[in-house]
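Taking it in order: structure first as structure tokens, then the write-up.
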Amino acid sequence: MAISSKKMNPYDEMMKGLWRDNPVFVQVLGMCPMLAVTNSAINAIAMGLATFFVLVGSSFLVSSLKRWIPKQVRISVYIVIIATFVTVVDYVLLATVPAIHKELGAFIPLIVANCLILGRQEAFASRYPVKLAVMDAIGMATGFLLAMFALGSVREILGEGKLFGVSLFGDNFEPWVIMILPPGGFITLGLLLLLFNWVGERKQAFIAQVAEAERGKA
Amino acid sequence: MSKQDPKLLLQPAPLLRQGMTTPAAMRDVWLALLPATAAALWYFGLAALLVLVASIAGSVLTEWAFTPKERRAITLRDNSAALTGLLLGLTLPPALPLWMAFVGGAVAIGIGKLIWGGLGANIFNPALVGRAFLLATFPIAMTSWTVQQGPAEFFTVHASNLTAPFMQAPVMDTLSAATPLGQMKFEQSATPLWDLLIGNTAGSIGETSALLLLLGGIYLFLRRDLDWRIPVGIFASAALFSAILYGVDAERYPSALFTLLSGGMLLGALFMATDPVTSPVTPKGAWVFAIGVGFLVVLIRVFGGFPEGMMYAILLMNAATPLIDRWTQPRVFGRNKGGSA
Amino acid sequence: MGLFFSLRNSFDHGVHPRHHKEQTAELPIQRVPFVARYVMPLGQHIGAPAKPVVKVGERVQRGQLIAEAGAFVSTTLHSPVTGTVRDIGPHRYIDGNFRPAIEIEADPYATQQLPPRPAIDWQGLSIDEFIAQVQAAGIVGMGGAAFPSHVKYAIPEGQQIDDLLVNGAECEPYLTTDHRLMVERPEAVIRGTEIVRQKLGAKRATIGVEKNKPDAIALLKQHVGELPIEVLGLEVKYPQGAEKMLIKAAYNREVPAGALPRDIGVAVNNVGTVVAIADYFDTGMPLIERVVTVAGPGVAEPANLIVPLGTPIREVLRFCGGLKESTREVIMGGPMMGTPIADLDAPILKGSSGILAFTASETGRPQEYPCIRCGRCLEACPYFLNPSRLAKLGKARLFEQMRDDYHLMDCVECGACTFACPSGIPIVQHIRTAKDDLRQQKVRSEKQ
Amino acid sequence: MSSGLPIMEKEPSSTTLVAALAIAGFLSGIIIIGVYLATFDTIAENKARELREAVFRVLPNVTRMQKLRYDGSELVVLPDNAKDDEETIYGGYNDAGEFVGYAIVNAGPGFQDTVRVIYGYRPAERKVVGMWILESRETPGLGDKIYKDAAFVANFDNLGVDPEIVAVKKGTKSRANEIDAITGATISSKAVVRIMNEAHKKWDARLPVTAPALQQAAE
Amino acid sequence: MDNLIWIFISALLVNNFVLAYFLGLCPFLGVSSKLETSFRLGLATTFVLIITALCSWFLNTYVLTHAPYLRLISFIVVIASTVQFIEMAIKKLSPALFQSLGIFLPLITTNCAILGLAIFATNRGYGLWEGLTFALGAGAGFTLAMVLMAGMREEAEIGSVPALVRGTAFNLIISGILSMAFMGFAGLFSST
Amino acid sequence: MNELLTAPAIMTGLGLFFGVILAVAYKLLRVEEDSRIARTEELLPGTNCGACGEPGCLPFAQKLVVGEVEPSKCTVASSDDIDEIADFLGVDAGEAEKRVARLKCAGGKAQAFQIAEYDGFESCRAAAVVSGGGKGCSWGCLGLADCGVVCDFDAIQMNDNGLPVVDIDKCTACGDCVDACPKDLFELLPLSRKLYVQCNTPLAGESVTVLCSVGCDGCAKCAADAAPGLIEMKNELPLIHYESGLPVTPKATSRCPTGAIQWLEGGQFVEEESQNESRYAQLH
């Protein structure tokens, strides 16, 4: 994990968050909001966007200010920065979309405790230039948002037969209530991870197969 | 050297084995469940049979689909997947849409058993995982009970049974009935014990007939397929707890006998809690487990939100089983309780 | 409780395998003829191997000392036959490994008569002299473990043996050697018991015999006479003959884990051992032969035989009409704890109580199913261990955890758990594997 | 994993650390207060509207309301922006400013979590005239019918409170003080009833038939 | 008193912090592989929760009445600093206690269960005793869930869980089943 | 406007208050500990494999910091990592010659026969406790892959001949296979020791050759062909004295009648593998 002098490409930094280092599926970070507010796609997206704003904002600030933050109190300062952004998000949501704010409830303040955000500050933003830090944050936050959306839509589709509140299968659909209950969250995310692992494994196997075939030819 | 000899086998001692095998034990459970299943068909007709078939199909197909080819033959031969399906089916209401029973069977095997690594590795009772999933997923369908029709109307199948997959079951107020536990909880009216004993009540397919379930349990006990401590412990602790409550307020709380004979108590205590895989293996642990189940059943039935608590009680104690096992190791010969010599 | 217990005369748990003794229970003991070649492994007893005192090419007499004890926990070897020492070097042992042994070629023209010696006046011996005599006779526990007997008689300062327990339980299926000895030579059993009892200063002696041998019990009772020896019928249950189980059954006392019977004032000897002691003091014959049951479905003519030690198993089987075509496995010892024999040229040892041959229908691994935690093994284990757990940990190779948390080392490998397992899991083998691994690690760490 | 940093760094003085924290706190305080002030009016407005809507929903024909608080002996009028507490209820008035009824909020344990109920009560008739759920986490599809099922909510449109409200099995409602419980969600139904009964017990004696007159001018 | 009992039971079983509110999932999924560690982490968390309840009550009563908008940031700062202070104190005063419980403290501070407790307690307007009961129930519930989970995971570890399932996916699914079992406590003591 | 001031004031106050408290606590309550230990542990691979002889990475780090061990003792870390640790601690990395696990047996299914058929679960040690596992040579490899099972680095695979093939790139010389082998056949040797005796049988002459076609029969021809003093016959097996500094050449293998002594360029049984592969290629 040493800082290498190699040139780092901002685009790569952004893309890695989407799949290879996906914060949810690979790093298993930010599980609390991931499960708590994904009972509908819209909540998931709202939460994802809030997290996005906080992560990108604080990465920008931390990266810009890193020279002036003494190492010993860096964590405290990061927390203060993050908490400030979260408070801002909290009030803005409350003022603009009170209905969604009510649904997300206590989980907006809890963004502060999302280990993804503090983790990125400590591991990335505090060491790299602003541009890279922001791209990294955008990538990670987008990866998080996508994962939230995936889980939220699965749970909403099965749990209510709807997506974004629009009924998909007609009135007669039997909703799978468990999907919007806590156990459903755990089990669905578990199964999604399983799927993610399976796809990864198939991909590996495929690559190995191709390599084998090429070696055979040679 | 001794080339002229037959090449000898080196199979470690002991060479002698007793006769029982694991598939045979599973067959015993099937046999033990037969009378109660037959009674269910008598009371609930073809509908019950269809639900049972659907849940068994869900279990067996899932087991087949997710088991590596080379192990399929063995895992299906041990009868355990079908048994899980049957046990699940017996806990379902007779009018349940068949597709739900199928989903239940699939979940029971998939999440309840296969992800743990198959037979013997699971911590939770698979049939009950399936049922808990169904109850949380389709709460209305899972609590719509029907009155018994008797053998005269054997061939009637409920409209709700035949609901298309993923669709809602039609409301069926005409046939609906409350279970004895539901009546107890919400109306404080106790069903006569005789009706509970012979099974003349509404309820899950397999839980109604107390007498025949007991018969099956006795058979299993005689075949040494169940740990007698578990049912005895459950009955004793549940009876004691509810007797105390009954003593406090006989109007509000059910009597001990009612507690023992109603709902899934017998089916659960004799066939679910005794599942060896998910209950403690140590004798002392079996007692702890059983007393825990008995206590939780009454707690949930009397003070909780659900009229029936057997399933949750067993699942909760299943979760505690690894801990119970660890803390109740038997006293080793020649050692004191602490394990020192 | 005490009364109830004394009526039962058994230990807790255990299993009830069919005893299969009908094949040989009624057959009188015969003597096998001498053969051409004998192999005497130097380490056929527990403890240090014996040290050869003969050289290659040296002529030896039947009963002559050929190896002396290598240490106190070790014993002597005597030539089973009159002949010539052909080789001293690695020979295949019953477990397939090569071990140092003395190979003796029998002299076909020798009479094979034991040189006559006067009876030894055992009553005049001090305990130390007695111990030396027993060691000189090369006598070991004849039940199977082959623990040098004289070591058992060396009672440390401050300890006192109150009870001598003679083990005639013979709980292993098929085996009838002890049974035949008790029926054919009850007087020798009683005499041997009395010798040991007096020398150890025990107040009483008890001969424990499983109740499936009523003839033996009756005969022994007849021969007891006025001696302070009790003949006790025991419940037929496996492993009744395990030392600590027997003590529990006879006296309802538990030997603490890791301790020896003598720590609670008991000494245990096998019937075969006391007979060997009686014979040595009566005739001066050291331990050069023993009674062996040859049985099992794979043997043409089952028999109870007196076999000179070192006789190749192949020759013993040949005397019994050879192996049937269908034989798949030959075991030395009982079917519950015996050792599978890898090579029929391996010799009969001091601890060989039986040679059993099995056909395909008894052998062959049972189909193994996953453990369903039915708990039958826990109910079988006479030591109250948790075999199900041990097997599971063994499979995961968590050997240290087996030792530290689940008392692996208390297991005596009686096989009751494996017998009881409906899933066909080789529990004992997992346990043995773990013990072997830990033993090797210990040896390694001591080396370092 | 902060390699690349020199191993022995000069320790900054304690004052620097304290100052860094203080400055961070100061700056964040400024940002937060800025956002707070900028959004304050909207949020207050949202909250007030939400409350008004709830009150109007449970009290038919009510178009105006004011906060009332029981100060130990009588109800006193509070300004709209006063903080609510357990002793606060709402008076509902019609267009003409005439008193219609009280809106009372109470909370208690439901099937899953706390349920917050507001209901309209007309002391003159001793009747509940409307009920609405402000907050609950009841089971979707079952317990959530306490506010999703219009038929259940309609139970409370004209409901007697004497001797107390009782939930009975669906279809067996026969008296003025009875409501039809929801099939399959008896616990949630009963929880609503219990919460209302509790509130009624507390407020019954305190509520005069006519509330203090509307103080604010119509908006 | 009834109210306190319900708060306790609710936080312990009905609305278990981990299994119903999804709070404290990171340690729940991450540190629950060993029983011993889980139990100690549970105890340490309970301790921090109680400290949190005290701090948040203090802040709510004396500071936030003047500046409600500082709720989040002051909770975070105060709780983190207090815990850090306690950590240092324990390390100094009782190294043994530090080894068994103290090493978890930094981990716990960033645990959302802590902040969640403070926020829930404020939202519900809990007083000092209610807050403490809530913290105790939540901590006990967290410990219970951790210990059950660790027991199951240790068992599964030596079992035959397929390689593909092993890891977080497996942990999530068994948490799901456990959460399903805890649903049995729904409505406990609220219906009678 | 009042509020505009309270917020920053309270926040500054809190910052100051806790800043001071923590600063004071830091001074008063600080427990001295070597921060380099944590840092060193971070640099270590964290596999806790025990190859270094310590119970885990942390104890190893503690010893590293006080200079009791050399960084190169960690066989799992890459040489870059080792250098980094050495740099960080300002010590010499130490001689770090790569060692790999070597098997003292080449008697696979094709070379050594079974006298009896083991019928139990797949584990060398389990077979070994059942009458030795039935292999004719009781010192030889049983081929049931205990070493492969215990290898944390996936470096040991069984070949078709029933012998474990060590992937020398993956092997970290952690010693797990050495511990697992019930016949004590594995040893950890520097890769540079190319002359190697693949046999462990203390028998000599014909009694070896009847058991295994590649066993060492103790003929001592290799000793004769090598530099005098390099190879000594001990227990009927050649013992190669690498420490003598004498030249080691493949010549010692030339007259070996059984092929028990081999010149290893890389892994063991490689030739055998390539033969198999060519056979396979011919088939297709």
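All chains are identified by letter, namely A, B, C, D, E and F, in their written order; residue positions are counted from 1 within each chain.
Keep in mind that, in the parts below, a residue touches a chain if its C-beta (ideal position, glycine included) is under 8 Å from a C-beta of that chain, and two chains touch if they have at least 3 such contacts.
Keep in mind the model is a prediction, meaning the values are calculated, not measured.
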| item | value |
| --- | --- |
| From chain D, the most remote chain by mean C-alpha position | C |
| Chain pair, C-E or D-F, that carries the greater number of C-beta contacts | D-F |
| Rounded Å distance between chain A and chain B, as computed from the means of their C-alpha atoms | 40 |
| Rounded Å distance between chain B and chain D, as computed from the means of their C-alpha atoms | 44 |
| Centroid spacing, where centroids are CA-atom means, of chain C and chain D in whole angstrom | 84 |
| Cα-centroid distance, chain D relative to chain E, in whole angstrom | 28 |
| Residues of chain B engaged with two or more neighbouring chains | 2, 8-12, 111, 118, 121, 133, 136, 139, 305 |
| Residues of chain A whose C-beta touches two or more other chains | 2, 73, 76, 80, 83-84, 87, 91, 177-178, 181, 183-184, 187 |
| Where chain C touches two or more other chains, by residue | 96, 339-343, 363-365, 370, 426, 429, 432 |
| Residues of chain C defined as touching chain E within the complex | 370, 392-393, 395-396, 398 |
| Residues of chain F touching chain D in the complex | 3-4, 6-16, 18-20, 22-24, 26-27, 36, 39, 42-43, 84, 88 |
| Complex contacts: residues of chain F adjacent to chain C | 115-116, 119-121, 123, 125-126, 128-135, 138, 149-150, 179-180, 182, 184, 202-203, 207 |
| Complex interface listing, chain D residues touching chain F | 1, 3, 7, 14, 17-26, 28-30, 32-33, 36-37 |
| For the chain C and chain B complex, residues of the former touching the latter | 15, 17-18, 96, 173, 244, 248, 254-259, 314, 323, 325, 327-331, 333-345, 358, 362-367, 369-376, 378, 382-386, 388-389, 406-407, 410, 415, 418-424, 426, 428-429, 432 |
